[in-house]
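Across the two complexes that follow, chain A remains constant while its partner is chain B and subsequently chain C.
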Partner chain A sequence: MHSWLRLLLSVGVFVLGLAAMAGSAAAQGTTPTDDEVNAIAKQLYCPVCENIPLDVCPTQACAQWRDTIRLKLSEGWSEQQIKDYFVEQYGARVLATPPAEGLNWLVYVLPPAAFLAGAFLLFRALRSWRQAAAANPAMPVAPAPSDDPYVRRLEEELRREG
Partner chain B sequence: MLANVGYFTIVLTFIAALHGAAAAAYGSLRRRPDLIESARHAMLLTFPLLSVASGCLIALLVRGDFSIEYVASTTSLAMPTYLKITAWWGGQAGSLLFWSWLMTAFTTAASLRNWDRDREFLPWVIVVGLVTLAFFLSLVVFFENPFARLWMTSGGEQVSALFRPAGATPLFPDDGRGLNPLLRHPGMVIHPPMLYLGFVSFVIPYAFAMAALITRRTDDRWIRITRRWTLVAWLFLSLGLILGGRWAYDVLGWGGYWGWDPVEIAAFMPWLTGTAFLHSVVIQEKRGILKHWNMVLIILTYALVVFGTFLTRSGVLSSVHSFAQSAIGPMFFAFIGLTFVVSLSILISRWPELKGENQLDSMYSREALFTLNNLLFMGILIVCFWGVIFPLISELFTGQKVTVGPTFYERATGPLWAGLLLLMGVAPLSVYGRTSLNNLGRAAWKPAAVSLIVPVAAVALGVRNVAALLGCWLVGLVVAVVVYEFWRGALARRKLHGENLGLALVRLAGRNRRRYGGYIIHLGVVVMALGIIGIELYQTETQGTLARGEQLTLGRYVMTYDALTVFDTADGKNVARAVVTVYKDGRNVGELYPRRDYYYASQQPMTIPGVRSTLEDDFYVLLVDWQPIGTAGATFKVYHNPLVNFVWAGGLIFILGTLVAAWPDREPAGVRARVLARREAVQA
Partner chain C sequence: MTNPPTENAAAPKSRPRWGVALVWIGVLGLLALVGAGLIRTQQGPAGVGSKPAPFTLTTFEGVDIGSSDLIGQVVVINFWASWCEPCKQEAAELEQAYQQYKDQGVAFLGVNYVDTEPEARAYLAEFGITYPNGPDLGTRISQAFRIRGVPETYILGPDGVLAQVKIGPYTSLDEITRSIEAARTGQP
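Then we have the complex of A and B:
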């Protein structure tokens, strides 16, 4: 083989190699920033340091978790894929709020249901009291607060309290 | 010797508490004044006895007697004396003793103050106070003895016991492990006593409520007697919560002040019911309604006070606050369940006697708006309670523990807080009794119109977030209403008494402290709300690893990393301290020194932020990591916290308002004379 042909072939292989490396680097993305890592870490909790979000936990174990997130991000994983990975490895407790499935629905349903029930009971009680009061119209309707009645009201209350 | 004296004094107090509770109950039921007097003496003994026990513990702590397990686990030679004293409440056994000591102080004060006036209530107040005390002391006597010594068994096992176990030899460690580093902050030194004072003082209104039910004195007398106790309890609880927030901000290194941690919530829940109660009792006093509801609220508050102590002390829900974990959980659980069931049973047995004296005349009256306020507080309580216990329920039924984090609480309670702010703006303008929407509208339109200036100004300043604008309007409304109320009151006084406006304002507040103190509290709340809006909606953060001389930019701030030193200190810690220079809009605004302390004895790291603090914002820098000296790289996490200082400023206004509301009145001469006459008659 001619030497120039060998040289051409070597250059070609080298260029192809470079292109392949560049392609692979592009597929994996650039090195993730700390902020990108923390954006995901903020939504996760490690099972040991309960109630401390992963982005601010100072322990060595949590630093390793953050490194894992960095690695996965650099491999091109999406936020959801990374969260799913941690759930698969350590269970749903790593998520900041329970996934809305099974018994966990109760977390989201019970407080508004209880509040609405309370509001309904209160409304019914207020209405029944008001109806009872309307049936007994002994008390005069309070006048709208204006300067002079306010003076009277204020003084009356001050006397009562004092 | 001191340890033996301390322990046996606690045992004596426990016996006195049991005797006092039994004698007071039996004496009241059988109308035996001698037994009631004996109970009273037993109760009066508890405070001096526990003071002796506490004195013994403090002496051991200060002396550094490390043969005592509690002393060895909470103090060390390097600790200053004031921290050694605060170790009294720095561990589980000591804090239970501290709780009990405060309890005896409050029950003693309540009965000494009210004995002559409230003879029919006091025996039952003694029963409730001493039963609560006996419960806490039983934990100290049987489970968590702060005076237990350290021993080495013949099998080489280290154990703790007051007296020598068979074949064991005493241990005398050279030094102790020291107080948990997280607890060495000034905020944390005062935070637990404040919370405990709040917890303990809520027992007094509960005790009077039970006494009122048992003695069938179900009018509002018990409320009038305990009005100030309730305000004092609320003051301490509020102070404890605010100090806890400040501690978290300064020490825990997450850039915030409230992490919705289960133990934070545990202290917050009695505050919620207590606040609802403070509003609701006003309605009972003025209109003679909501009597059942007030009983329910104070019973709930008491249960939540014990539950709060239970959460911190049982270790059932481990969290950043659960420093102490032990097997006393089931005892707490049983006590809460038992007292709750007994209280509700007594309430149900007196249900018909608590019928309201009036009806509700209008949906727009002050009483109706106050009940709405109670509904919102209860809504927040349900969210908090459910969020705290759900992980346990999940673990119990599915075997899987879940995390209920801040997102849940913030989303669920946000609208309820907004509703409360709206009520804070509207309710002060409403009147009692029969009124109409028209009347309320006529009273409210002026301040409502003025309040619109605030969101308009916010838009002009570039605020576009709808939640922030709504929050700003609500804040504006409350401020406008409070100013309007003060203004109208002062004008009225000037018209009637010819006083100048300044004097009229002072006298107005002085003669109706609860009402105008309440308005100041509302002002404090909205100033805090501004801070919360700032940090919740506009907090930004970034993190980066810098070589010396490199910069990190966050908004208008630039930070340059200058230097890092790592050194050991005399008090047993390794300190890594960075020096950074902060620039705002290109101008040098000073140096900060974020650091990481590592405590050798407890093997615990602690992150201390470097903070540049102004009324406008905080620039908050954490040293996250650093490379060995030489390569000179360090990782910093930086937060920009707009308006966060409004939270602390609002807290101060809040406390000031509570002090105004709770400040003792001079007793009118007539009342004083009646009390004296009665006292003389009794003595005769």
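Then we have the complex of A and C:
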């Protein structure tokens, strides 16, 4: 009984080991789908076709790049490793989102800084307008009695009519 | 037409001068950056008579070749890619020219632009190219020459100054040899 149990356990461990190995081999050998390739490709731009993301670029150069992504994915490379490889090969300009280093940081700092500066200027302008309005009360709404005899006659006529 | 300033409105709060100066410095700096970028993009490819920045080409075999090591020789630098159809028109002729000049103080370098290695190697094998070729890592060499596309060929004279520029493919071996001879003799 005891040896039978030991045999059963050994077979079980062996089968589990085989299954794990097969699973791992299958995972590495799987051909990546177009969606998986494009998920990375859309973050890259080929210098030949400026302003066209790699996932939709129709040129042969871009098709070759997508094949490279597919190959790297099938070899088990991560998204970051693939992006690093492309940067090493073709420079940081292939990235859709440039790294925040060198002059690139201006891209990240300037838009929010301009927005904040605009908001500040608008706030100040509104405040100064409000202060100016408070300091100079509005002109009386009721019109001053007219000295024009024609207007006076017209008003009298209207009053009589009314 | 404006109303004279009244006493109430007289002294508007003075803005901090350093703040205004800072804003102006920022705006002018930004304009200078944009201007420098525009000038660079409008410059076009490196021209005859200019001296390109030194570069190092790492070949597909892993050998580093520095441009400064080739001073004293005429250097033919050809930018190409496997996906570039016009490059194929001149590939065989460039190899013929290399065979003709390799023992006469003329160096050939092939710079593989924005390409993938398996296809680039297949291209070299297809056209039997034997002179040193390597990828333009980080597109640094093509940026030094400000190339606009491929194929483009730049020939440096023995002094390292750009002697000949060919935008587009060479149409014949004769055209290549004429360019090399002109670079050797310092003719325009």
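Throughout what follows, the second predicted complex is superposed on the first by the 110 of 162 C-alpha atoms of A that agree within 3 Å, B and C clash if a C-alpha of one lies under 4 Å from a C-alpha of the other, contacts with A are read in each partner's own complex, and residues count from 1 in each chain.
In the analysis below, a residue touches a chain if its C-beta (ideal position, glycine included) is under 8 Å from a C-beta of that chain, and two chains touch if they have at least 3 such contacts.
As the structure is a computational prediction, the values presented were derived from the model and not from experiment.
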item	value
Partner chain in contact with A:Asp35 - chain B first, chain C second, else both or neither	first
Touching partner for A:Gln89 - first (chain B), second (chain C), both, neither	second
Which superposed partner A:Ala119 touches (first chain B, second chain C, both, neither)	first
Touching partner for A:Pro53 - first (chain B), second (chain C), both, neither	first
Touching partner for A:Thr97 - first (chain B), second (chain C), both, neither	first
First (chain B), second (chain C), both or neither touched by A:Val109	neither
Greater chain A contact set [chain C / chain B]	B
Doubly contacted residues of chain A, that is, touched by chain B and again by chain C	59, 91, 93, 103, 106, 110, 132, 136
Touch list for chain C against partner chain A, complex	8-9, 23, 30, 33, 81-83, 114-116, 119, 135, 137-140, 143, 149
Residues of chain B that touch chain A when the two form their complex	253-255, 259, 261-262, 289, 318-320, 356, 359-363, 368, 371-372, 375, 378-379, 382-383, 386-387, 390-391, 393-394, 397-398, 400-408, 412, 416, 429, 431-436, 438-439, 442-443, 488-489, 491-493, 495-496, 508, 511-512, 514-515, 541-545, 596, 605, 607, 622, 624-625, 635, 637
Contact footprint of chain B on chain A as seen in their complex	33-35, 38, 45, 50-53, 56, 58-59, 63, 91-98, 102-104, 106-107, 110-112, 114-115, 118-119, 122, 126, 129-130, 132-133, 136, 139-145, 147, 150-151, 153-155, 157-158, 161-162
Residues of chain A touching chain C in the complex	46-48, 59-61, 64-65, 67-68, 87-91, 93, 103, 106, 110, 117, 132, 135-136
